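Below are two complexes that have chain A in common, paired first with chain B and then with chain C.
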Partner chain A sequence: MSLGRTALSGLALALAGSLALTACGSDGGGGDDGGQVTLRFTWWGADERSQRYEEAIALFEEANPDIEVQTGFAEFQDYWTQRSTDATSGELPDVLQMDLSRLLEYTNAGLLYDMTEFEGNQLDTSQIDEELLASGQVDEQLLGIPTGTNTWALHYNPDLLAELGVEPPEWDYTWEDYHAFVAEVSEAGADLDPRVHGATDYTVTWWVFLQWLVQQGTEPFAENGEMNFTEDDLRTFLSSTDALRDAGHTFPIERLDQLTPLGGFNSGEAAVEFHWDNFIHSYANDLGNENIQLMPMPSGPDGEKHMFYKPSMQLSMGANTAHPEEAAALIDFLINDPEAGQIIGTDLGVPASQGRLDALDVEDGSLEQRAIEYEQRVADEGYVTETVPRHPEGFGALETEYVEVLGNEFSYGQIDADDFVDRLFTEAENLLVTE
Partner chain B sequence: MKGTVASEGLGRRVRRRRSGRTVLFHVSVVALCVVMLYPGAWLLLSSFRPTNQILGETGLIPDHTTLDNFRTVFEGIGGISFWTFFMNSVYLGVGSVIGICLSCSVTAYGFSRIAFPGRQVFFAIMIGTLLLPFHVVIIPQFIMFNEMGWTDSFVPLLIGKFLAADAFFVFLMVQFMRTVPKELDESARLDGAGHPRIYWSIMLPLMRPVLATASIFAFIWSWNDFLAPLIYLRSPENYPLPLMLRQYADQTSTSDYGAQMAAATLALVPVILFFVLFQRYIVEGVSTQGLRG
Partner chain C sequence: MALTREAASTPRVGGPSRRPHGKRPPRRTADARAGYAFLAPWLLGFIALTAGPMVASAYLSFTDYHPVRGGDWIGWDNYQRLFDDPRFLDSVEVTLLYAVVGTPIKLAAALGVAMLLNNRRGGQGTYRSAFYAPSLIGASVSIAIVWRAMFNDDGIVDEAGQLFGMSEGGWIGNPDLSLPMMILLAVWQFGAPMVIFLAGLKQIPNELYEAADVDGAGAWRKFTKITLPMLSPVLFFNLVLETIHSFQVFASAFIISGGRGGPANSTLFYTLYLYQRGFGQGQLGYAAAMAWLLVIVVGIITLIFFRTSRYWVFYSGEGR
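Up next is the complex of A and B:
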């Protein structure tokens, strides 16, 4: 008798367990009861961004008591894995943080909602620069609203430079001036322990290549997704730092591998670094020193900078959204509302909305203020004259190939410039989606 | 007399040679152990370092110690407490252990003790699923679970465990049962026991070592699983620890490596505890178990 009972109770336990689990799962599906609308909103980023967003969303929910926002976040790579699974099941979030490098891929798959119909109604885009807004438009559809802007900058460490007795370059410096500066720093830092170098070799940075191309008057990608630059362009660019590399003035890759995930600059072993200006926050955090300054890119052959603003992030709507109007209202709130702006600060880039930027109250001498002032000054000086290079489908994959694979092998001296060029052009045929 | 002295001398020499070898053995084992444990010790001690002194530092002893990293971790992420993530991992880990111990042992019993038609074929199919990489089934599985409305819950992560879908554990248990003498079931059958009774009262108690092994593996695999939770869970409230750990080092914004080290240290504690508690069951021999039973 007891044998049956024990076996049965075991089975019952297993059943009860799985039932309980099913019960756990069935809530959170998110439906509307009694006029209540539930929106799903996802972003990538670390803890700080999540806190800012959550705080802003609490305000939004307060102002719109009939809308509930379910939030989700993950680290950048994980975020895109999750979004692809969402796309597979036709359940993209109502509002999602979007990156320019993925915009076309998602658009071409028909996954994003065209927000044109809300412009001027729920969604106020009048405060956003037209060129910038255009980066979220594909075939006259509005698919991504920029949250803020980034532009390229030379980050430099004034304390380290003072220690070495080297002056930072002037703002109107050229690439030759920059090379001389890097060599000077590396020579001055040769006796320090750990050894200090000028900078990492910029030729293995994809975006510096694009900036350089733009300065040569070449728009990197054509509208049909093909590359406009030639093998010779890339070869010239790669060999532009030959002298620095040969003299050992660029940051050694072996040391870089030891420092990963840090780089030379944010471990205090290199004096300068090209990167997007918003990286000033993580650089300061990694260095434990807020004294990092920004200056523009070197000038091109015509003496101009030809810099561009890139939307730091965009907000898009999943095409499958059941509540497009409410979703548009949420985007509008996140982009334009001054109170939300005060909470978000420059975490999503220097605010794209002019009204919000003007209203933003930043602390004197803070990193936020430095980034904002930098972007304003490069605009005022007339350095920002170009639009951000096109991002054809496959752009991100090509960038990864350039930086992670070829850039790495090139830095280790396993391949020379010719191999680099050959392989990039071969890979591009597979990676880029052209029409 | 002489002979005794000589043999004593020989004995001492042998002993000395043997002790020399023992010392050498132990020194090299300890050296290996240090090498193996170094990353763990580094992780543990780094969690007490200020964030900007972690990376690029290969030494063990911190110059400054701080508890800030742990404080940050306990504050949670995006308004969600550390304990939420922790308990999610515990639910998944304990759920997998229960599921696998129950379902795989029943299945294994069936394969090793019941001669049903097609047993060989089904066994071969089951083994065949071992050869199937997880990544092959990931998309169809996702679509299936999604159709059932189970995404963003623990069901897709656990249901396979309750349905003996882990061929590895079934196989492990079948192999174990083959070593249990058939005479034991036969005598039980003579006493009037049927299959449920033999399974429950004879087999399960005898299987303690293999259940312990399976539990350890099931728990550790579930605890460290990253991809499946990433795919099936959408709400951060449902994330287990591996997903939470990644949040501290987002490459596109500011990274807090100190908090990541602290969270990783905390995440390791239960796995180590679980191993320490269960490992003695593995060591216990099969034959003694059989006799005692």
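Up next is the complex of A and C:
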């Protein structure tokens, strides 16, 4: 009996001890000892962005010696995998980079902190364009502060084009002009080692599909979250590069899979690429060459571009944060501080804050200048006429299905356009949240 | 567990009479309590870390649970959806191919090397360590990365192939070669079954071979008539273990294909697809259904192994 009792009490002691330890552990995240506050901040992006953020955060920590910022980053898809795991365990970072494609999902689940109470106090939003700021508001709650704007662009590599003796398209080019251009580059680059192609097949890029739909006069998603486009729309879009694919003029997927995480363009093996304009920074970094230029999207059937600005990303706070005031201060610093702005430049989009944009000391010929001028010029030329397409709940998951799953199988010729359409519409039933 | 039970039920004080309906004697209760107390850390761990999550995942498999949105009870929908899902069928095919082709090759390699090492020559320890090393490092992330570099376009394997006039390009981007590459990676890690085989080989009495020599049996005959039957329990053990193992391959596939299971789904292993659905797309209910299906199928396969074992596994002393 005595043995049993000793064993039991020993066990009880051990249990109590371990519980106490775990209790300490879960508190430790907050780290309140001695007035020291620890914030967790995560973002998606490449090395280039992380260097900028880390540098800006070092400044923030210097100015706020009682706040320590723990950082973490991942590539876009992995980033959201990590955040959904965080969300399940109720441990979202204090500050996190947010995207329109996930904003509703996280908001409706009550995972984000309503920052309205900090407006005008810790958080100055007065410099941000009202319409842009509204993109981070849901039901009169302020859930995401936009860092900047971006818009779609054709990135091109003038040095590579000169080497091949191919002229870049004119700004008023059409989709047909673009196809001819891609074919010309691929033919010119066929004998090089490694072989140079015009571009990757844009039909497997979700956002190019959306831009194309908008050009056809179709708003991709209805207010209730349902898809406005038809199976025929998608089929037509997918087959628009049939000729290029058949002739082997698009960047081969076999090669692309080996270059991962790089793509064709930032490996110097493709001459052009459609992407958000702020990708100019990571592209230049990957290529080791700053000479990358931007031009607008091809014109639609009516000769207009129908482009739109999108809040490139937002900064949000996890609803579970133990230090909302400090988190708000960090966001304010990243959005408004001129010194931080100088470091971050246009990597998070052309700055949302007008004050910050004005204060930005842009070097002539720099990537920053190119991005800012590009966004200015597409507005001046009257190319930007639309608002960003609606992002219903489940938008991000549908995008993943389109790009990572169906786009990959389609590029390998494993499925044809009909299968692609069938499967996207089937999956959409499970992925999109409609009313 | 068995040991504790035995100790607890051993009558110490003059053997109390059996009282099937009455209260148990205090001594035994105390011993049992102590036994359970000692077991408690393990039991707690089992309940909290294994049984609990298993029950939870069984429940989730009947819901459309999403890590952000939560979910509702949807009955058997997830299980039904599985069989209309082309990627699910792809992943089953890839995994079965990997298990059916990879496991026998791996076991054959392990047995072959074990037999070579079983010859009593110098430096045996060195060789044994050398052949075992890949198993220690093989599951690591860095090896998968090295593997990726080796099999890329113009990687060392491609260049070696070119020497022999085979210019296939890298294996990584080739849907026909990426699965063989994964199998090769698995076969290369034959260390664990090899060591077990080696131990088994040493158990075979030398007299059997000596007798066979006297009878004029050749090397092949000795192998099929003595080594294999005597080794069959070890072979059985390795077969079961490696088969289960090959159904669970994840890390190397995840790293080599960047989590995609590419090219063209050719390395989309079951567990990788489960991960994509559960954590990439947030369809945890669907992923849970996949997990349970895997448990059941692996269970059935193991059961079949055990049922058929009596026809080919020979235990010495059994007198068959």
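Of note:
Just so it is clear, the second predicted complex is superposed on the first by the 293 of 435 C-alpha atoms of A that agree within 3 Å, B and C clash if a C-alpha of one lies under 4 Å from a C-alpha of the other, contacts with A are read in each partner's own complex, and residues count from 1 in each chain.
Note that a contact is a pair of C-beta atoms (placed from the backbone, for glycine too) under 8 Å apart; a residue touches a chain by one contact, two chains touch by 3 or more.
Note that this is a predicted model, so its numbers are computed, not measured.
When the two complexes are overlaid on their common chain A, residue A:S50 makes contact with chain B while staying clear of chain C. Of the two partners, chain B and chain C, it is B that touches more residues of chain A.
When the two complexes are overlaid on their common chain A, residue A:D78 makes contact with chain B and with chain C alike.
Using the contact criterion defined above for the overlaid structures, shared-chain residue A:E409 touches chain C, although it does not reach chain B. Shared-chain residue A:T88: touches chain B and chain C both. In the superposition on chain A, contact of A:R195 is made with neither chain B nor chain C.
Contacts of A:R390 after superposition on the shared chain: neither chain B nor chain C is touched.
In the overlay built on the shared chain, the residue A:R377 is in contact with neither chain B nor chain C. Of the two partner chains, chain B and chain C are each touched by A:P261. Contacts of A:E105 after superposition: chain C is touched, whereas chain B is not reached. In the three-chain superposition model, chain A touches both chain B and chain C at residues 3-4, 7, 14, 77-78, 81, 85, 88, 258, 261. Residues 3-4, 6-7, 10, 14, 17-18, 21-22, 24-26, 28-29, 40, 42, 44-51, 53-54, 70-78, 81-82, 85-86, 88-89, 91, 258-259, 261-262, 267, 281-282, 285-288, 347 of chain A touch chain B in their complex. Against chain A, in their complex, chain B makes its touches with residues 50-52, 55-56, 72, 77-79, 95, 98-99, 102-103, 139, 142-143, 146, 149-155, 158-159, 162, 193-194, 196-197, 199-201, 230-231, 234-236, 243, 246-257, 259.
Considering their complex, residues 26, 30-31, 33-34, 37-38, 40-41, 64, 67-70, 81, 86-87, 152-153, 169-170, 172-175, 257-260, 262-265, 279-283 of chain C touch chain A.
Only residues 1, 3-4, 7-8, 11, 14, 77-78, 80-81, 84-85, 87-88, 105-106, 108-109, 111, 253-258, 260-261, 393, 397, 400-401, 404-405, 408-409, 412, 414, 419, 423, 430-431, 433 of chain A touch chain C when the two sit together in their complex.
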